[in-house]
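We call the chains A, B, C and D, going by the order they appear; numbering starts again at 1 in every chain.
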Amino acid sequence: MFSRLVFVGLVFAGLALWPLVAGAYGLDLVIKIMIAAIFALSLELLVGATGLVCFGQAAFFGIGAYAAALLMARFDGAALWWLLPAAVLCAGLYALAVGALSLRTRGVYFIMVTLAFAQMAYYVVHDTPLGGGTDGIYLPGVPTAPLDLGKPLVFYGLTLASLALVFGVLGLLLRSPFGRALAGIKANEQRMRATGFSTYPYKLAAFAVSGAIAGLAGFLFAVKDGFVNPELLAWHQSGSVLIMIILGGLGHLRGALIGAFALALLEEFFKSEAVWGSFAKHWHLGLGLTIILSAALLPKGLVGIPQLWRDRLEARGE
Amino acid sequence: MSEVLLRCERLTRRWGGIVAVNEVSLALASGEVHAVIGTNGAGKSTLINLLSGEIAPSAGVVELLGQDVSAWSQPRRARAGLGRSYQRNTIYPGFSVFENCRLAAQARRPRAWRWWQSALACEQTNEAARAAAQRAGLTDLLDRSAGLLSHGQKRQLEIAMCLATAPRVLLLDEPLAGMGAEETERMLALLAELRAGQAMLLVEHDMDAVFRIADRITVMVNGAVIASGAPDAVRANADVQAAYLGGH
Amino acid sequence: MKLATLALAALALATGADAQTKLKVGLMLPATGTYAALGTAIDNGFKLFVTEQGGRIAGREIEYVRVDDESDPAKATDNVNKLIKRDNVDVIVGTVHSGVAMAMAKAAKDSGTLLIVPNAGADAVTGPMCAPNIFRSSFSNWQPGYAMGEVVAKKGHKKVVTITWKYAAGDESVRGFKEAFEKGGGTVVKELNLPFPNVEFQALLTEIAATKPDAVYTFFAGGGAVKFVKDYAAAGLKKNIPLYGAGFITDGTLEAQGADAAGLFTTLHYADSLNTPRDNAFRLSYAKTYKLQPDVYAVQGYDAAQILAIGLAAVKGDVSKKAEFAAAVEKAKIDSPRGPFTLSKSHNPVQDFYLREVSGKENKLVGVASKALADPGKGCRM
Amino acid sequence: MDFASFLIQCLNALQYGLLLFLVASGLTLIFGIMGVINLAHGSFYMIGAYMAYALAPIVESTFGGGFFSTLVVGLVLSVLLGYLLEWAFFSFLYEREHLQQVLMTYGLILVFEELRSILVDDQVHGVAVPPLLAGSLPLGELMSYPVYRLFVSGVCLLLAAGMYLVLTRTRLGMMIRAGASNREMVQSLGIDIKFLYRLVFAAGVAIAVLAGMVAAPVSSVYPGMGNTVLIVCFVVVVIGGIGSIRGALLAALLIGIVDTFGKVLLPSAAGVLVYVLMALILLWRPDGLFKVA
């Protein structure tokens, strides 16, 4: 428990100090990873904590992003203090509607129904003029009041604060009676119902909160890029965030954090021409093999590595 | 006659053309252990599922504490005082014994909106959990991971989790299944202790145990009740001997 | 431990800066995925021109930095920022996918980095998003469509059905076609769409047969183009209803289409048998260097390098003089293998569009479909 | 729409549906029986298509016999591939959480796609229709219908019938179905469940590869072709009910109809219709059309 707190503390301290050493790109890279981490945390609440495998998380992310773009286009010079909550609310409401329907199904069927609803959202922005069609649309600017998000350091701060807030809130949430109930649902929903928990509202609430957090990540992403595109809602985005949390290790908030960092850094590593020369264009190969190896060797994801070492040491000791 | 806590009237469940439970009527009184016996496939587990609300009946009425609960969902019935255990272990193996009980106790005081507060902050819930574990004889094992318990202890934990919800009626689905002689004795002692103030429905295959502990026995064959009454009367019943005990 | 090593590697990448003597060219092209082959051709074309100049442009040695854009708009801003902020490139060349190019255009506009687009045809890049530091060496989606509209109208067809994927490139191409064709007196009687990248055309082919138009105009590319041409022929429509298309339907796909493409008319700013001294020299040089025949994408990459060379020569290798760079390029006549072209005010090529007919494995030149066709550059304020 | 074109569209829908079934049936086998969520299924389809393209000249020069001997060689190779993959990557994942398998198959997609790029290339290629099936039949006034498409439909129907018979009528099929519902029981009966699973996985891969090879002359081969079929395969399997061959066939035909008529009658919503259909069906029947016990 203590070592985990130290780990998380070190990560956030490192993130807070990063701008002191990083260049403009280093800042960008970590902002990107932090947004991915928020996105991954949103899914961790469903998959890792509640046992609901959602394969349509990109829709909530994309809706947060599109809400930012469309609201800013509609209301010139919109202020951050209502723009951000509005985007989060849009994503949360869509998640509430999707959850209300899809929670009627279970297991793989649930996976596919969430995919179906995400694809519906995807085709709405892809095929209708609402969101600018397939090429996407630009944000008219950057929110400047009350924080000037055009300044990289300010935006870095906002992203870090959002990540810390999401991490903290989820940490509390999972220890609370609500979070414990989610854990019970993951372990054995039938038993929970027999005990007297109406599980549906719990799952629905988790779903909506998760969607809202994904919307937050989407909002930050849209402001960072200044551009949104239907591909933000595509199924492979839902897939890649799922890969992130599995790689990091399910059932731990740290796992989502680690997974987001690991996937991004692995990509950077295998793409690096400095390391691989002209073979860098086949970077998918290295990434794919690494993923396969980690699935084979790390049953609990990257989070499980210390435990594996400990087990090995103990085995040697005996 | 003491107060009737759970009653069902002509309870029926059909699966397609098969009648799994056929017009079963029962009444469970406070302080009474009521055993339901019957061969495999007689509809005993389905009966428990109907009573607890896990599946909906095709026809019939269920009354809990004098209230018609036929249309209530399972969680609602559970909160109203109907506890049940399962034939297969349904504990949460990853949690500690205490957390298993605490989570069960939490069902009575959900307080789900207090998301910022630790689940351990509710002293009443913790107390209820500890009390339930104590009654089931698990006080020494509170911090043990439930998955590491012996089979008998797991069955005890099942009972403890039921108790933690402070039920008035207990529906126990084969609590003795797979137990050794010593574990059986301990469980029977536990059940005997629990009977005061509660009604207990017991589905069980261990005939010796049933006849030792039950106040009343109902025999089911092919979904229907063929006999019901005091153990001695049931033992003497010709139909029962023909249909069920005859095999022994 | 592994994580720490990686973090260090990233740190090194993130903070590393380099000497300014070499001219850094950032090639942001697809190296993986559906468009990987196009990325390679553009890359080859660009390097060919630089090699022909002895590896130097305006006296500066060229250093390449490559980023695989994966044709994924969701990663586009990060990828282009890698070039701008991490590698501090002097000029960016890319890319194929329109959505990615849109994100690149924004990043380039914001940072002022030179951007030369060697393929992506999104009208907006030289429309509302136009900027003094953004150039295109290829085309706008509108252009080949417009050229074909003129051709089909001249051929005397009155009723035409269009068919394309429901996405921006397809819509823009059809819009260009419709504009010219209806100006020429024809009518587009039906606009058929199917979701991108669905390739099950049978239902729509049946629709075409039921509508019985005089001709069909189409915009597809890559695997979809191959399948469409084959299905069109297999459904028996090819012998009854002539098919016209924007050139991409038969570019880089003829080997796969085989006989089913024979005789198709398409419009594009390049053809296989221009037989001009400039083009012959280019083709020979390309074939020698890469043991491959060049295609339109290679030409676009080659011309991207030419545009860079012209601008750099005018500012003597100093990329910070953006206005002078732009002025020089705007004035210049670019001596492209496709034939000389100039850039419009919005920095899109003003070029001849050729009518080509498929013969064997080649897009044979038939004639000029539209002379010095300029994109209207709608929405460009510069 | 007049009646003649309505009939032709019905034929189109049927044919597309059968093609979908061909691609999806291998998935429902692996998915339903082994419980493996195999994201790499599209890659196996892609491998099949590239085999039809790249293997043909090699087979032609060694064995002769053209398309059909390529088909046979490809099938043999794919069974080997499936068998090896199961042995090397999947056999020790069954006891783990399902999502670890997802991670594994995702890694495989990346690897296969990149190996394709290295071993073949990134270009689009056509595969010739075998001369024996190159003709076409007249259909309506202007249209004709290629014989090869009829051949593809025939292969689909044969495959559907074959899978159904093997699973319901043979001892092997019974063992497989028993293994799907209860691993321990089958094991306790002395049947080598490991071998059984390896067989099922190999068969699933072989069917996907076969689908790719048979579809190649119609669809041509191009980078990324596997990913585009992956999602629609999952849709078919899930609508039909996981593991149900009948269900997959029905679902594929249903999607064929919705897609075909959607494109014609509701072009602006054609992309989304399939997903609306899936959502509606699953909300109506949360376990798909045919639930497999």
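Here is the rule we go by: contacts are C-beta pairs under 8 Å (C-beta built on N, C-alpha and C of every residue); 3 or more make two chains touch, one makes a residue touch a chain.
In this text the structure is predicted, and so the values were computed from the model without any measurement.
Hopping across touching chains, the smallest step count from chain A to chain B is 1.
The chains in contact with chain C as well as with chain D are A.
Chain centroids computed from C-alpha atoms place A closest to the centre of all protein C-alpha atoms shown.
With respect to chain C, maximal separation of chain centres occurs for B (centres as means of Cα atoms). Chain centres here are Cα averages; for chain B and chain C they lie 72 Å apart. Centres computed as Cα averages put chain B at a distance of 48 Å from chain D. Between chain A and chain C, the centres computed from C-alpha atoms are 35 Å apart. One finds 32 Å separating the Cα centroids of chain A and chain D.
Shown for chain B are the residues in touch with two or more other chains, of which there are none. Listed for chain A are residues 123, 126-127, 282, 284, each touching two or more other chains. Within chain C, contacts with two or more other chains are made by residues 32, 166, 195-196.
Pairwise, the chains that touch each other are A-B, A-C, A-D, C-D. Contact residues of chain C toward chain D in the complex are 32-34, 36-37, 40, 166, 192-200, 202-207, 209-210, 212, 222-223, 225-227, 230-231, 234-237, 240-241, 252-253, 255-258.
The touching residues of chain A, when paired with chain C in their complex, are 21-26, 28-29, 32, 123, 126-127, 133-136, 138, 224-227, 229-232, 234, 237, 258, 261-262, 265-266, 268-269, 271-275, 280-284, 302. Contacts from chain C toward chain A in the complex involve residues 3, 6-7, 9-11, 13-15, 17, 31-32, 65-68, 72-74, 76-78, 81-82, 84-86, 98-99, 102-103, 106, 110, 122, 124, 129, 166-169, 171, 195-196.
In the complex of the two chains, the chain B residues touching chain A come out as 52, 54, 73-76, 78-79, 83-84, 86, 90-95, 99, 102-104, 106-108, 110-120, 122, 161, 165. Only residues 169, 172-173, 175-181, 183-184, 187-188, 190-199, 202, 205 of chain A touch chain B when the two sit together in their complex.
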